[in-house]
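Think of it as A, B, C, D, E and F in the order they're written, each chain with its own count starting at 1.
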Amino acid sequence: MKPVKRIEIVIEEIELENVISELDRIGVVGYTIVPRAGGRGERGVRSETVQGLGNVLMTIACDERQAAAVIDAIRPILKRYGGICLVSDAMWVIHDS
Amino acid sequence: MFSLSNMLIPAILFFALGFLAQLIRSDLKFPPDLAKALSIYLLVAIGLHGGIELAKIDAAGALSAVAAALGLGFGLPVIAYAILVWAVRLDRLNAAAISAHYGSVSAGTFVTAIAFLDSLKVSHESYPVIMLAIMESPAIIIGLVLANMARKGQGNGHQKRVSRELVHDAFTNGSVVLLLGSMLLGAIAQPAALDKIMPFYDMMFMGVLSLFLLDMGMEAARRIGDFRKVGPSLLVFGVTMPLVGAAVGLATGHWLLGFGVGGTLLVAVLAASASYIAVPPAMRLAVPEASPALFLTLSLGVTFPFNVIVGIPLYFWAAQRLAG
Amino acid sequence: MFSLSNMLIPAILFFALGFLAQLIRSDLKFPPDLAKALSIYLLVAIGLHGGIELAKIDAAGALSAVAAALGLGFGLPVIAYAILVWAVRLDRLNAAAISAHYGSVSAGTFVTAIAFLDSLKVSHESYPVIMLAIMESPAIIIGLVLANMARKGQGNGHQKRVSRELVHDAFTNGSVVLLLGSMLLGAIAQPAALDKIMPFYDMMFMGVLSLFLLDMGMEAARRIGDFRKVGPSLLVFGVTMPLVGAAVGLATGHWLLGFGVGGTLLVAVLAASASYIAVPPAMRLAVPEASPALFLTLSLGVTFPFNVIVGIPLYFWAAQRLAG
Amino acid sequence: MKPVKRIEIVIEEIELENVISELDRIGVVGYTIVPRAGGRGERGVRSETVQGLGNVLMTIACDERQAAAVIDAIRPILKRYGGICLVSDAMWVIHDS
Amino acid sequence: MFSLSNMLIPAILFFALGFLAQLIRSDLKFPPDLAKALSIYLLVAIGLHGGIELAKIDAAGALSAVAAALGLGFGLPVIAYAILVWAVRLDRLNAAAISAHYGSVSAGTFVTAIAFLDSLKVSHESYPVIMLAIMESPAIIIGLVLANMARKGQGNGHQKRVSRELVHDAFTNGSVVLLLGSMLLGAIAQPAALDKIMPFYDMMFMGVLSLFLLDMGMEAARRIGDFRKVGPSLLVFGVTMPLVGAAVGLATGHWLLGFGVGGTLLVAVLAASASYIAVPPAMRLAVPEASPALFLTLSLGVTFPFNVIVGIPLYFWAAQRLAG
Amino acid sequence: MKPVKRIEIVIEEIELENVISELDRIGVVGYTIVPRAGGRGERGVRSETVQGLGNVLMTIACDERQAAAVIDAIRPILKRYGGICLVSDAMWVIHDS
């Protein structure tokens, strides 16, 4: 097991492509996406409808250095489009250890 | 003017049923994917029908319809923006986002209008379908331009990238691709082979529309809670802008394009209706500063029900007086 | 009594196919939204058909059908509750929750019975559709009352709020709104305009039912694993209660309402069947102490297959002897 | 970044409205909902079917004081209807910091 | 050889539209459940039609079709494996997984071929539908055997359990159950009752296929990004293996089974096509060492479009020369 | 409230049955499943399509001893089929405390 940062991001589905291209730039390969999430925040209620303005929940496990880069990259997006980003500690059960 | 029985077409009744179900706080809910599936079906069906008709008509007529659609698509948002900024005194970014919705069209309203004409056995030209497919794009672009003007000079690198994306999006968003693609398909496919697929798109059409409007009725009523946020002057905008649009559309359909009653009504509906499927995500991207509660409540909660219940019969009456 | 070929109607075969698929542990799975979409379609179609027929019939007949439905809806749960508490010796809260299911109806079973009658070219009255729409509500309310009595005095503030919610729910839950709403719609809409949407609700009906029953067959078989939890005496209840209900229903249909063979069968099916769509969530809210494994397994895993495979032909035979 | 409590609640979909009205009472604005979850617990297996008895997964980021109020409000609901509530620590990447 | 107008059947055009929509990076997306729903419908419809036809034909013919299907299902993966290992020089585990896909069949391609024949008003035997249902299973089993051979001796306890699961899966996976089940159903159900459900499965068939292919076009184009990973020699395999399969299929259909042009084309298509629905999850379980990017890109991104656009008309031309 | 381990597993949907039978063997009753997840990792992009090769996100709250057993059981599955497993600390708001 390896200590990692667990980054949890909630953003609008339409912003997803943007965030992934930031991850690519930073060199973070792995992430998990749960689509069709709803929620409420400063910008009111959001839910999956035919307008497709739902949220996605993205989870990224990465080392501390990468986490810092991800946070820096995500901050302006959150500022502009809303959403949240939580960071916590976790142990990663690595495949080969 | 128009009898009550005009209102009793199933399309409108289903919308009302959905609206009512939500008002009495029923737990009735459509799976979100069902609404998406229904709207895919409706767009393809509209496109195919349009395409089959287009294969029969002359290019000149099509060209002037395209020109009119571009004119409406670029012109209506400017009118809406002017009203919003000077009369409603809304901030420019929200005004830009809302304007784009009114330049574009609501396929659901358009199809309801077709159901309305059908129920009265009034025929219509097929050009309005092309206009439907075309009017999405200019509205998105003009919305972007207005927002960029409102921000003037603030456009940074990020902004430019978003703009590029959005112009791309304006021509490739799902509704546009489905409408234009299936229209082309309907125009070039072997007629004999098309006959095999058309029962699916013909016989089910009004039925699928009934379910779609049932869901849209619920969606519209869900927005009522946001009426307070929108405020009285914007609510007034939500019913006057369709009237302004309809007037422009009636004039365009009758005088510019020389359509009959049916075609004129459809052009009025194109102009009077506001998008609530393709434009909201585009404006969310283009103008994140704008509040979705405003533009969605106006287009889906105010203008859509207004057009379906009051607007269509009213515009029809006007079209009859003009072209009848 | 009835020939095997009665069983070979596609509706029942599809149910059996789904059941079998699950028994052999096939990985076949329906997306959950598909099943919801199919049931929305079926409820609207049943309602519309009922409404169109209702527009033609007299109010007196409709009134006595409504009265009968209320009688069955309030009476059957009381019978079921008595059996469960005194014969099965089940605790009162689980008994209350299960009873409510048996007072309500299974639209899937009802529609299978219609398919059954169709395959034999036996006509039926249209009143039972109204009864179908009405029987959901009293069953939910009586279930709540029984549960509150079982808890006697424990009712705190929270309890009262839940009760209020549930009485509201009993009249506004999705199935009731779809059935009653589309029935009304079918009765008042312009006939000419209705003709445009009915192909969708007519021609596809039996086909959609086939897919729905395929999925319900899988759902029913999934419950078999819970048979052990349910225990032998409850399993016996799961096949005797429909027989009791059917007897009451046959009597009501034939003597009280004076229906023919078709109508009498349908009333029997209404009384014999147990809800597995609208009532489970309502009872989950009303009686959280009750086990969903019990009420779902009984209604969906035992009574539903029993009615579809054994019950309908049996009740039909009885209806023929009575009214034939 | 700001330290927050990350509350994770799994409840039945039919209970959601109840929980949200508790949040409103407490004054917690933000939450994220992932619908159509399944699971297993003391009350057996639950899954999204046509009966609509599925679970939802709700995530709430809030400060410690609000978290205590949420927990107090949620406890009787969990007792009555089942479900779980996990609380952990996280850092919130705030939009404007 | 064949005129361009053959290409203009709506099925192929819808596939092309989906492909194009993805190429221009449209945001058009089908809800995943919609694609699943459409494929459930298509499989049941194919099965029912096959079953109705089968009820009319002789058992001897059916038996030889079954034998031919087993031959193809077991034989084609061995050919594919040999080519992959010796010509393409791929590692044995990836080769095993890919081979299984080519032994199985693509229902989407099969149905497109039927639409193609329909558009030319060419009739076809009904045996190929049985073959379609049968060919899934042997391919999965042979894929498993090849993978176990490749691992030789490494098979531990876990491996054995997976093998048992997979043999079970080979006969009970969703596609097989739907096809075989509804075929049986079509063969034994009361014809009069079947008539009630067939409008749903008849009239909508080509329309549903059009939406399904629209989505599959998008799926196929999404795989283009993985072409680099696949490499040139595998890409060549993706278009030559269908040709090899088609040749084997044409020979089987014409000489072994004595089919006409229509039936021979369909056997060729069965042999030439590669599964992209049932086999991928099975191979993911059976050969986790193999890369889904390889087998999915080949079956869905290369062979499927190749067959739909080039293959079907080409095999038809060959079938005409053989059997015409 | 009781301190527990929060195990978060992302695996392919087809592996789910396998993992659940391991949990049964260990005696872990409770878990929550979020279906239709997508993601990217060493084995490339995965998403929910008609091929059904999507991921599921499974969350398990259990005590430390059970967590160790779950991790041991899950490791060979992760090795063979890919996916990730993160372990973190949380407080469980128990129903009756």
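Some observations on this one:
Everything below uses one rule, namely that a residue touches a chain if its C-beta (ideal position, glycine included) is under 8 Å from a C-beta of that chain, and two chains touch if they have at least 3 such contacts.
What you are looking at is a predicted structure, and each value in this text was computed from that prediction instead of being measured.
Placing every chain at the mean of its C-alpha atoms, the farthest one from subunit A is found to be C. With every chain reduced to the mean of its CA atoms, the largest distance from subunit F is reached by B.
For the pair subunit D and subunit F, the distance between mean C-alpha positions equals 19 Å. Between subunit A and subunit E, the centres computed from C-alpha atoms are 38 Å apart. In subunit F, the positions touching at least two other chains are 34, 36, 82, 88.
The multi-chain contact residues of subunit C, meaning those touching 2 or more other chains, are 31-33, 36-37, 203-204, 281. A list of each chain pair in contact follows: A-B, A-D, A-F, B-C, B-E, C-D, C-E, D-F, E-F. Taken in their complex, subunit E has these residues touching subunit F: 32, 35-36, 39, 158, 215-216, 219, 226, 276-277, 280-281, 284-285, 288, 291-293, 296, 300. On the side of subunit C, the complex with subunit E involves touching residues 5, 8-11, 13-14, 17, 20-21, 24-31, 33-34, 37, 115, 118-119, 203-211, 214. Of all the residues in subunit C, the ones that touch subunit B in their complex are 31-33, 36-37, 40-41, 44, 168-169, 172-174, 176-178, 181-182, 185, 188-190, 192-194, 196-201, 203-204, 281. Only residues 12, 14-15, 36, 43-44, 48-54, 76, 80-82 of subunit A touch subunit B when the two sit together in their complex. Every residue of subunit A that touches subunit F in the complex is listed here, in rising order: 1, 4, 6, 29-36, 59, 61, 88-93, 95-96.
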